[in-house]
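Quick heads-up: structures coming right below.
Here subunit A shows up in two complexes: once beside subunit B, once beside subunit C.
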Partner chain A sequence: MIRNITQKERISSIRDKRFIILGSIILILLLTSAATGIINYRVLAAERKLAQSTATENFNNQPDRHPHRVAHYGSYAFRPKSVLSFLDFGLDSYTGTMVYLEAHQQNSANFSQVQQSGAMIRFGEMTIAFVMQWLIPLLIIFLCFNTFTLEHEEGTLKVLLSQGVSMKAIAKAKLLGYIHVISMIIFPAFFFVFLFVLSMNNFLLDGDLLLRTAVFMLTYLLYFFIFITGSILISAVNKHSRTALVTLLGIWIFSIVLMPKALSNLGSSFYEEPSKAAMDASVHEESKNGIDGHDPLDKRLAQFKQGLLEKYQVDSLSQLPVNVDGLIMALGEESSSQIYQEHFDELVAIYEDQNRLSVWAGFINPYLAIRNISMSMAGTDFFHYVDFLNAAEKYRYALTQHLNNLQATKVAHKDKTTRLSADIYATYPPFYYKGPAFTKALANVAVSIVALAFWTALIYGLIILTMNKKKNLI
Partner chain B sequence: MYLMKTILEAEGLSKMYGEKTALDALNLKLSTGEIFSLLGPNGAGKSTTINLFLGFIQPSAGAARINGIDASKDPVGIKQHLAYIPEQVMLYQNLSGRENLALLSALAGYEYSQAELDQFLVNAGLQSDAIHKRVGSYSKGMRQKVGIAAAVAKNAKVLLLDEPTSGLDPKASNEFSELLLRLSQAGTTIFMATHDIFRAREVSQRIGIMKAGSLIDQIEAGNLNAGELEQLYLDYMKS
Partner chain C sequence: MKQLRILLHFEWLNFKKEKSLVAFCLLMLLSGMYGIFSGDYEIKKQRNKIAGLDEIYQSNIKEMAEKFPDSADAGDIGYYHAAFAKNHPDNWAALAIGQRDVSPAYLKIRLLAVQNQLYNSENTNPLKLATGSFDLSFVMVFLLPLFIIAISFNLLSAEKEQGTLRLLLAQPLKLATLFMAKVIFRFLIISTVVLLLFAIALLWTGATPDLRALYWILVVLLYATFWLGTSCAIAALQRSSAFNAISLLGVWLLLAVIAPVLINAATDISKPVQEGLQLTMVQREAVHGGWDKPKAETMDGFFKHYPEYTNTGSVEGAFKWKWYYAFQELGDRSVETLYKAYRQKMLDRLSLASNLSVVSPPAKLQEVLNGIAGTDLQQHLDFIAGTKAYHEELKAFYYPYLYQDRAFQHVDFAKEPQYSFTAAPDYTKAASGIVVLLAANVLVSLLAIFMFKTNTKELK
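Presenting the complex of A and B:
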């Protein structure tokens, strides 16, 4: 019985020009956005790989220099593009891609796509995620809004019911029918996306990549299920197609356009983050009051020097077996890095508080849940960005301390003329970054996944409950 | 010959919408193979009666039974025994006549071969070259025929018809009457709400006249000619 109605819905939809036109447009958009995403990925990934290798080459091929000069010459950390970033650009276009790594200073990531592109990019990009989060729900709404109301208006519902079918069976059959219909668009697109993913990894099976792709696809299927079921439900509780359509479009505008923006503003109001200038000033101020390698008047610096003299039982700094300048630099770096890291962690915590609003709001709005999951699986969310910044800072600190150690052990006190061979610097390993593992990314969006599952159960429960309540009454 | 078994029964059947009485304590029994027509103006309660037998609305009092099943208690089960043909037989425009019939039969629990489906449609009077065409191109009469074919394919014991000849041309209307008589002879009980006094008298054994929710008279159709029936009806409406 259910199979027959399902089949009828499928045949009717396929013969419906509305579906053919809209479905074709969506499929073309999906494939186009996949293709442009891949081109974008390949260009940017190649650019960053080249930039990173150039930076490493420049670092390795610098002339013989004093270690502290090298520490200020610095290096660069380029954020590699996540392979799946072609699915969802997420924050990638707005976050910096390169960090200049130097002594005493933690620089921000620069050169975001937005900084380098025209103003149009601010209106959003055509990505697979955009098509799936915004446009496919619209297609679903246009397909399903009149699934029950049209039966009401044309009198076919009575004909169906008079055959001895229950409202619940009709609703289930329609649900299955529309799942089949939407699958005709989604599955070919998913198949091509899967091929693209494999091709970008040279057809080698990478567990992390496959798991991310699987979660990406499965959670989108749940998202579409929620919209299909919701649209059928709204159609079932309204008498007129126009009312059902207006209601559904209202829900779409509220949940996809208005609510995310409102929550973002609300988050910024509740949890105000300090400006970059204010944070830098605080770090500077606190560093100044602590031990600063460039501040000979600092009390703690004097204590440190005195401690060294006592430790090595010598009368002057020049008698020390190590270069005190390097040790002071190392100590200053340790102190300023610790202060910076504390401020940075506080800043990240504020951003996370802001984001947490959107994460928990996934229980009110499934769009917010899928948006988080989608960005996370694509490796383009805030969590992945912060992970890169932390990796860059970790590298910067280690490199600086390595150079400070060279200064302490290979250069004499107050000797500013000695140059160490570039070969010594070239032995230091270049910056290499690999993003967080799938399990970490998954754990980071666990709440959003639960929210999506909650919505799936809720909407299915609601439609069954509504149909049971309607019984067979018209 | 069929045994004169009561197959359709209304017992004190009433329906109130707030203060308004749509149907007032209807008592009626139809036997196997009987054709009963219900005459009355718009709003008299004819369609309400049919909707109560279909279980689409709940009665305020009384019971509507078909083959002993109470429509309000088992609205799905009762439909195994009945077929319903509304004034406008609404079918799925994007499906052909054959596909519509296949769907409706399957929903009633009957799976037929393509040849069997075509035979039902041809027997109901649909031209064979129209069977595979989409229903969107069908006339009202053609859709009625698909409806009849669905009723026959379902092996329905009772046929509920709501203004079935309204809008049909005389030829189609005549063909429809002939179909009803054939079904009746085959044992199908037919309950028809109509404005068409001439057709009602032509096909029915009994005719009920309904006004303001009450069944005010029941007439043996053979006792009056069409003119006398029309006059009687008009007299009731004036009073």
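Presenting the complex of A and C:
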């Protein structure tokens, strides 16, 4: 009997014109978004790779220069596109792509996609994640909203129940039937996605990539399960198809269109971030006067110089075996970088506070949970972005200190004109960035994964409970 | 006429009784009010950031006085001192944040080469940016159509499904009149909600009710009639309420989500921007290359643009600021064509997106609302161009000190040029948007009339 019901749902769905049309539209959109995602990835990845190699080439082929000139000439960090970013652009279009790395100051990441676009980009982006997060739930709603109400309206439910089948059994059978139906769209789509992922990586098997893809797909399956079960549940508790549909559409609009925006705006009104100018001014102030204002840099430098003179037992700085200019520069860089890092970490903490509301709301709204997991697996979420910024700053600091060290050891005191051979600079390794490992990305979205699992259990429990209660009501 | 009044009266009674309709109105009003509050809050935040700049500016001036007691070399001032170009939001910006949240509200400007100072970003939370602003424009563009659909998807089907349509039509009453009465009633409800929210927005944000208000009301009401027309066209098919709801949501999804998303993808793919990255890298090579070129060559290049300083003192020997600023200047000039190309590319992207958006009234409305509020990319590009011109003013202020070998007095800071920009509303965009929406209205009305004519026969 159960198998019959399951089969009936499957066959009637496939025979339904709605399903054929909507299903094909979704498949076409999935392929379109895969295509745009891949083109977008290829264009941007190539652009940044070229820019990074040009920057390296320029750096390695610069004329003979004084080390401190090179420190000002600096370098660039371009954020490489993650391979899976074609699945979900996430925050990629909203984050800067290039950081200019120079001595003495930390620059902002510039040239984000959104800063170079008009109003249209704010409507969203054509990605596989968009189709799966927004459109497939709608398809599910359209398919399932009248699964019980129609039987109710046409009187077939009574007939079924009179055969001795319980409501719970019918619901389970229907659930199974719709899972079959949706699978007919999802699995071919996932198969293509998997092929694309492999081809993006030149068919080399990479554990990190495969694990990310697997979690990406598995969590989407849970997301769809939640919508299928939820739609059947709403259909079972409503008498009319009209009310079931309107309720489901209302839920869809509320959780996908309205709530994410409201929460993220609310979060940012609770916690205010400082402007970049104010942050830079504080860093400048604190490095000049000491964090508490009582330990000015000038005083520290004087002490440092005095200490050197005593240590090497000489009368003047020019008699020192090392060039004090480089050491002073290194000292200043060390203190200002430390202070900057503290401010930057504070800023990141403020952003995390702003975003916390949206993360925990995953327990109320599964869309928010899947959005986080999806971005994280694609390597395009906030965590991955901050990791890149930190890597860029780390490289900037190391390069600057390397150059200060060259100045301390290879150039004489007060000498501002000697040029070191370019070969010395060319040996310094270029900026290379590899994103965080799968495990770190996964740990970062643990809350969202728990939220999604919670929803899966909750919705299944709810449907079983409701059906048990409904045993003889109809 | 009297019949129409009676029908409207009964619609009103019906409306008051139907809890869900009242709830939709309240929900719309609440969302609108949150949108107004949230947009205003965002603008207040930006104003706070701009206001904080004065203190930074003043403390920098104080630091200059400490660092260089008595008078200073203008070269040192140009290097260690920064001024701010400010992009003040108009009160109207609170109604449509547009691209103001992604573009910085100010730029920190030093006398050094300007090209790598124009594209710096502000501290922003990318998740917030990606999720987007919940402002009044979002409420109008996205939620207003959903509200219209919610109160009119069962325009006729509800009466039909309740069996009251036959009773009504048994009276000496034309279906067309009944239909019109229902549409007019809904239009009245929608315009009341829209106008009420608009009035609250003006009061709350202090936006001046000038010509912009007229444009705003016109364009939003045209948008509302477009969606009402679409609902009528679907309702005229005389199908079930569920069919209407699905079809209307499908149209909404297509026009408000999928079309703009595809337009954006098309813009990105057909007009990718690399010019920004190139510009900064080429400029860096040019500026830093200045250190390695013969000084005379640099100065000759500089004097071509500033013949008035030709007889300034020699730059040979020890480091001289005037030589330094000369190669900064030449660095900027070397990327002038790239700068123009970059700007042009962004304008091209904007106009391509704008042309494509004629197929999507929601995209058009967003563009118009941003244009009215002065918050689109176009206005930010104007600010960048203005900042570049401001840098010219700063040079005109500082160069005489540098190249006529005059000491800079700290009191001279009082004469330093300042720059505040406030975007002007883009009426051309608003006007063209109105034309597009008018055309969409005509199209959808014709469609509705056609549907009505072909489907009423079946009913009888």
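Assume the second predicted complex is superposed on the first by the 463 of 474 C-alpha atoms of A that agree within 3 Å, B and C clash if a C-alpha of one lies under 4 Å from a C-alpha of the other, contacts with A are read in each partner's own complex, and residues count from 1 in each chain.
Throughout what follows, contacts are C-beta pairs under 8 Å (C-beta built on N, C-alpha and C of every residue); 3 or more make two chains touch, one makes a residue touch a chain.
From a predicted model like this one, the values you see are computed outputs, not experimental measurements.
A count of residues in subunit A touched by subunit B and by subunit C gives the higher number to C. Once chain A of one complex is fitted onto chain A of the other, the partner contacts of A:A281 are limited to subunit C, with no touch recorded for subunit B. Residue contacts after overlaying the shared chain place A:E273 against subunit C, while subunit B stays out of touching range.
Once the two complexes are overlaid on the shared chain, A:I253 sits against subunit C while remaining clear of subunit B. In the superposition on chain A, contact of A:Q163 is made with subunit B only, not with subunit C. Within the superposed three-chain model, A:G155 lies in touch with subunit B and out of touch with subunit C [touch as defined at top].
When both complexes are overlaid on chain A, the residue A:L205 reaches neither subunit B nor subunit C.
Residue overlap on subunit A between the subunit B contacts of one complex and the subunit C contacts of the other is empty.
Residues 1, 4-5, 7-8, 11-12, 15-16, 154-156, 158-166, 471-474 of subunit A are the ones touching subunit B in the complex.
Residues 29, 32, 36, 39-40, 43-44, 47-48, 51, 54-55, 58, 63, 65, 69, 72-74, 76, 78, 90-91, 93-98, 100, 107-126, 130, 134-135, 138, 142, 145-146, 241-242, 245-246, 249, 253, 257-258, 260-262, 264-269, 272-281, 285, 347, 351, 354-355, 358, 381-382, 385, 416 of subunit A are the ones that touch subunit C when the two sit in their complex.
Those residues of subunit C lying in contact with subunit A across their complex are 31, 34, 38, 41-42, 45, 48-49, 52-53, 56, 59, 84, 98-99, 102-104, 106, 108, 116, 119-134, 138, 142-143, 146, 150, 154, 161, 240-242, 245-246, 249, 253, 256-258, 260-265, 267-269, 272-274, 276-278, 280-281, 284-285, 288, 291-292, 319, 346, 349-350, 353-354, 357, 362-363, 366-367, 370, 376-378. Those residues of subunit B that touch subunit A in the complex are listed here as 51, 54-58, 75-77, 79-80, 82-84, 86, 88-92, 94-95, 99, 102-104, 106-109, 134, 150, 154.
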